[in-house]
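What follows are several structures.
Presented sequentially are two complexes of chain A, the first with chain B as partner and the second with chain C.
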Partner chain A sequence: MPAVQETIDQVRLIDVDQYKYGFETEVEMEKAPKGLSEDVIRFISAKKGEPEWMLQWRLDAYKRWLTMKEPTWARVSYDKIDYNDIYYYAAPKNNPAPKSLDEVDPEILKTYEKLGIPLREQEILAGVEPRNRVAVDAVFDSVSVATTFKEELKKAGVIFMPISEAIREYPDLVRQYLGSVVPVTDNYFATLNSAVFTDGSFVYVPPGVRCPMELSTYFRINEKNTGQFERTLIIADKGSYVSYLEGCTAPKRDENQLHAAVVELIALDDAEIKYSTVQNWYPGDAEGRGGIYNFVTKRGDCRGKNSVITWTQVETGSAITWKYPSCILRGDNSRGEFYSIAVSNGMQQVDSGTKMIHLGKNTTSRIISKGIAAGRSENTYRGLVSAHRKATGARNFTNCDSLLIGNQCGAHTVPYIESKNASAVFEHEATTSKISEDQMFYCQQRGLSEEEATALIVNGFVKDVLQQLPMEFAVEAQKLISISLEGSVG
Partner chain B sequence: MAEVTLMKTPAETGLAQAFEGAKALLPGNAESRAQAFEQFNLRGLPHRRVEEFKYTDLRSLMREAAPFAAKPSGEEARAALANAKALAGVSALQVPFVNGHFVRDAVRFESLPEGVEVVPLAEALASGHDWLAHLSPIPWASDNPVYQLNTSFMADGVMLRITGPVETPVHLRFVTSSASAVATATRVLVLVEDGASVTLLESHESSNGAGHQPNDVVEIIAGDETDVRHIRMNVEGDQALALSTLAVKMGTEARLTSVNLVAGAAVSRHQVFGLFNGENAKAQINGATMIKGRQHADSTLVVEHGAPHCESRELFKTVIDDEATGVFQGKIIVPHHAQKTDGRMMSAAILLAEGGAMNNKPELEIFADDVQCAHGATCGQLDEDLLFYLMARGLPKKEAESLLVQAFLGEAVEFVDNEPVREALVAAIEEWLRTRS
Partner chain C sequence: MLEIKNLVVQIEDKRILNGLDLTVNNGEVAAIMGPNGSGKSTLSYVIAGKEDYEVLDGEILLDGQNLLEMEPDQRAAAGVFLAFQYPLEIPGVASMTFLKAAMNAQRKARGDAELTMPDFIKRVNAAATQLEIPKDMLKRALNVGFSGGEKKRMEILQMALLQPTFCILDETDSGLDIDALRIVSEGVNALRSPDRSFLVITHYQRLLNHIVPDTVHVMSAGRIVKSGGKELALELEANGYADYRESEAA
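Let's turn to the complex of A and B:
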């Protein structure tokens, strides 16, 4: 069945030429010399005032990276990236490390205002206290320009700060966990990131603490010819809970800019991490000129028993997306979840999915992925579910649907399902009618059509997580939620 | 990762030497063989880094290249056929191959069933027969290394032409009988003319105790409004490394049912390449695999919907006992113009014991927007509730398991409408269940 008009209209609203965040901000920037070398890495490390071990870590990664080859297995094609034609560090010249908002360049503040990101705590507090308060870490090119609610979070024992600051203030904690989920040698882009990462967020939630507010990071690429190499590390200690949101935008340009991030999550015993992304990097124009290359390694480690990691992503931006938020289910009874909506338009190429690696006993995982391809885009779901010999009682349910609008685009599904344990039960399905027959029956009995019922169930499911995003971030997401599932092609 | 130039393995070196030695003696167009071998040799045996062979690493599974079998004497062939049991009880036109060579004496050419023509391939290659132009009907199959090896080494086989509705099944019997390990490369081409129908049986068996390396290709070109029922049975010997390919090109309103039963061989890989070339064609492609010990069985399937309004159904069932490994890789390709495609692919696996493994990779590659395509994959153990139910009614555990396994595999086999053939397949399942530890 082809897509209905309503869906077509909704996808049109977020087509590549409708990109709203494509403006540029005029700020005087300080940059590292162009290109990549040991000197540039030393420069970045020095700018961040890092200890010697961190510099050594970076240099080791760089040496390793020089011996690696760019991966070619993903279903994306792009011109060769000249890694020496990129600025690896760009920070606002006036006071790159402001102590308070008053010291931040007003142009930058205006930028965030335009993007709708609240950076002033008092503004939020002045009016009626909103139900959901959000602490924001704003990363502008290579540096964090502001982090809100730091003090209040500190009272609860939660550490929330730019990772460059954490390396200075909590070196032991960072050293213990950094690279423990995504090893330096993991893959080409992760290794590159390890060598040159500039900023990102660091979160530590102490045992038994439920983080009192949402944490979020807003990434903005602004400067020309720069790459952004974000590094985020979130640790949820025993019995704690944290919900973290990430948003990203970039100006419209004819050039392709590289974003190679690494995100590591660690959940200890009974801890829960929710990680949500609204990815809206500039996708390039209708002819495929410009746009961000988004090569991202995101991985969560359910290290403790009964731990939970949930990835939710709404992917609408980037010229190329190469992203597989994964869960290593190491602790017994741990759970991994992945909910994704990926919409590709214009000439965008998306190759995204997840990996659920079941190592512990009675580990469960769920994958719900919805890909919508329009224009001349390519949208691929690529996922791995595996149970190792000792993963007794592992359970997975996967459902991935795709929808095509027009016959110039492509939707592909490449799931790998590997079971080495007889008691592991894996189900992979692509038919929308099989979500849960009970729920379907219930809805249909109340007069909803099968399609409406399906949409209600799946969307209700995703909405559950999406609704926790602050409105400012969720504008695009909300539009997508109502897209119905009719005409799915598995 | 730095570029690694892979060393040639003993098997690769052996194959290259075998080709050097054999190329002057093999019948037919030497150039196309040389080209196929060159393409193969460029990349060597596929290994786990080659996506299509990710789970069946031939580079490590094929340690040495067995020598290609010589043509058996009439007596040897007769003895081998007398010992061959697979589907032997089904009354059919017998087209036997022993050690990769067509046994001409076993076919009475003067009294073939109406609508069947048989041309020995070795002679056809040597004389440049007209039908040879129909070989390799699916262009992209030529990129496959297993297929390339067959093209390089194919020494014999047959070409069949089916010109009308044929009642009598045609039984292609592939028998390998030799005390020491041998390799074979047999090619069969079946031309099914417009409106014709036929039941094709394939049985593949070899002697135990030797690491035989059969590599068979069966190619079917089914014309418009044809009906082809294809049943294949692999009961190869316990040490065999069996590679096989079925390539089918289907015309408008063609019907295909293919059921492949796998029980034999230490390592087997069966590839099905399907191409819809005309509208409104329908294909049902099934597999029933039962393996134990340390067996490794791979079913790989690529179906291209090259025309609109076609329907494909794939149902693959795998039962894994002991420390065996099952592989299913299926891919449905729907190009831009193939609107109204209806494709459904299902792979289900049961692991009966700790230590087994199943790898599923059901892929979709879709470029048309008005299609219905779905795939499903499951993997788990036998339902405990069902087992309990049966055992509560007095069945010992093993019998209860057997009953459930029979029902599970039976779903894939029940599409066979020829009763004696279906019974033979069911008997093979029962035999397997009886002999499991």
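Let's turn to the complex of A and C:
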């Protein structure tokens, strides 16, 4: 309840049309030559000090990518991307590998401070209650600049580090799992990522360990004309548990920037992974100038029996979002969950949803999707639920609700359901509603301003999903939603 | 005190109010009766500030403040409360959450500090008990799946908590059984005070047996055509609106 009040307060405080993370950091950068070629890939690999197998992996992906076509089936439209007009690697100078925060460029530290991301462990420990502790990996353009609580996590046996470090330090683990959920050949953007990925997080939780704190990665695109291609790999070994959160922001710019990430999750027997995203890339201005193109492949593999993977996403940013966090329910009795809030305003285009692939016996999945469209935006839910021949007893429940604000936006639902097993039970519910003028008038008659009324109604609409987020992020997300909808009424 | 002078209102080129004059003094309970389509609900919406209506002429003053220049939420903060004939549903928003948001919004608008949680709960519990509203109803989403009687009780609960100075009851008796009518009326009567006035809109005398008005006004074709004491309501109940419909035709 206090959170609702906070949302309302927040809305009041903020000017219309203000993306508050739109500032730029002045810092000297080192970049690869513009464009994409084998040489650029070799450059990236060398910068990261990668072993030969990794370079080969990248080059194979690149060759494959050259033969592929950009997909056009999503309900989004944009000018053709010139892949040779992008920098694929940009890192603050004096990198790689600052040993401690003292070696990190103070401008970058200031950036994270401004973003409200705590990087100094002492400050975190001093400032908040212990239960709120979160370990952070901060990725700035193409490199990780800091990872907190590494030592303490190590004591518990948890590996949490930039993936470029993991490739050097734990090559066997990385080699075993990298590309095992999202194959190199998976799709145009995933294949591109496999060729040029620069940084991201690596997590390994050993058998029977419950990760002692929330893990999170904070992605920041800063440099102009630079793509961000991060790669995240999370492995929860037998009987382990981990909760992970990612956040993202970028400066305001007139040109579009590409973000093509790949996230792979692997849950072995009896393991559980919770993966939450608060995506707040710069969405472009009211006329649709600028903004991030967010083409992301996220997939979890419930490889072991009784494993659980939960995706929770709050998507408010990006000019274009193309994203379908999915679960492969391979292990018997495994469970996949997808909770999503996708907010679009201005000229934003969202095409997002999930795939639940039931392969094992008695696998269950649950999809709750809330789309909120305002301004002149287009908001599409696209989802697939399928049961393999052997998926006896598969069950799915899907609920897709759309809320329209104003009369120039669109909401669309595209569900695909395939069952090759007669015992599968799939349920699908969908609604589309509008914040009615009568509802607004009713709230205003009770003293709520237009913004307060919208915030309250939207909070009610997304409540089921917000409850799935870790407590401290739920409040953040709630604020974010209200801010994204600023100026959408009246 | 509410003063309406020569109010002319149309909606989509259709004239609804035709030079309506009405004064309701502090502490007064004024009833407005009239046939269907005479403009009673329009009057309540225009006072509260609903958008769709176009005010062509006239003024509405609450304690000297020009309501027509204010947004609906500003009018609410100034003391206007409308108990809706058909209260709206707000899915996913618990009634408690809504009450707190509304109370604090009005307090903020008036420059008062927000209520503390214990203070808020104390106030809600006291008012809810009087209106026989069970606690679980307060946890449910506002008006979602409420019966007609529950919705009307929730309206009066909001009225009790927001402490308005000018209350409009728009056909609050519609859809109520005898017990609910009694509870709602008692709730309203408990709020009567020298510095609060009421405009009670109804078709039927029945409600006025429970909420006894000081004045009764008959509305027809967008104007007040007759005013009197509470006995006027009884007269209407006996004779119907036939006399006034003729004046409409004339």
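Here is the rule we go by: the second predicted complex is superposed on the first by the 411 of 490 C-alpha atoms of A that agree within 3 Å, B and C clash if a C-alpha of one lies under 4 Å from a C-alpha of the other, contacts with A are read in each partner's own complex, and residues count from 1 in each chain.
Here is the rule we go by: a residue touches a chain if its C-beta (ideal position, glycine included) is under 8 Å from a C-beta of that chain, and two chains touch if they have at least 3 such contacts.
Keep in mind it's a predicted model, so treat the numbers as computed, not measured.
**Q** Name the contact category of A:Asp172: first (chain B only), second (chain C only), both, or neither.
**A** A:Asp172 contacts neither chain B nor chain C.
**Q** Which of the two partners, first being chain B and second being chain C, lies in contact with A:Ser449: first, second, both, or neither?
**A** A:Ser449 sits against chain C, while chain B stays out of touch.
**Q** Mind working out whether A:Asp438 is in touch with chain B, chain C, both or neither, as first, second, both or neither?
**A** second
**Q** Answer with first, second, both or neither: which of chain B and chain C does A:Trp73 touch in the superposed model?
**A** first
**Q** Pick one for A:Glu418: touches chain B only (first), chain C only (second), both, or neither.
**A** first
**Q** Looking at chain A, which of its residues have contacts with both chain B and chain C?
**A** Overlap of chain B and chain C footprints on chain A: residues 1.
**Q** Which chain B residues qualify as touching chain A in the complex?
**A** On the chain B side, the touching residues are 1-3, 51, 336-337, 339, 349, 351-381.
**Q** For chain A, which residues count as touching chain C in their complex?
**A** Against chain C, the touching part of chain A is residues 1, 4-5, 8, 436-439, 441-450, 452, 456-457, 459-464.
**Q** For chain C, which residues are in contact with chain A within the complex?
**A** Touching chain A: residues 48-52, 71-73, 75-77, 80-82, 84, 87-94, 96-98, 100-106, 109, 114, 141, 158, 162 of chain C.
**Q** Within the complex, which stretch of chain A touches chain B?
**A** That would be residues 1-3, 67-69, 73, 389, 402, 404-431, 487, 489-490 of chain A.
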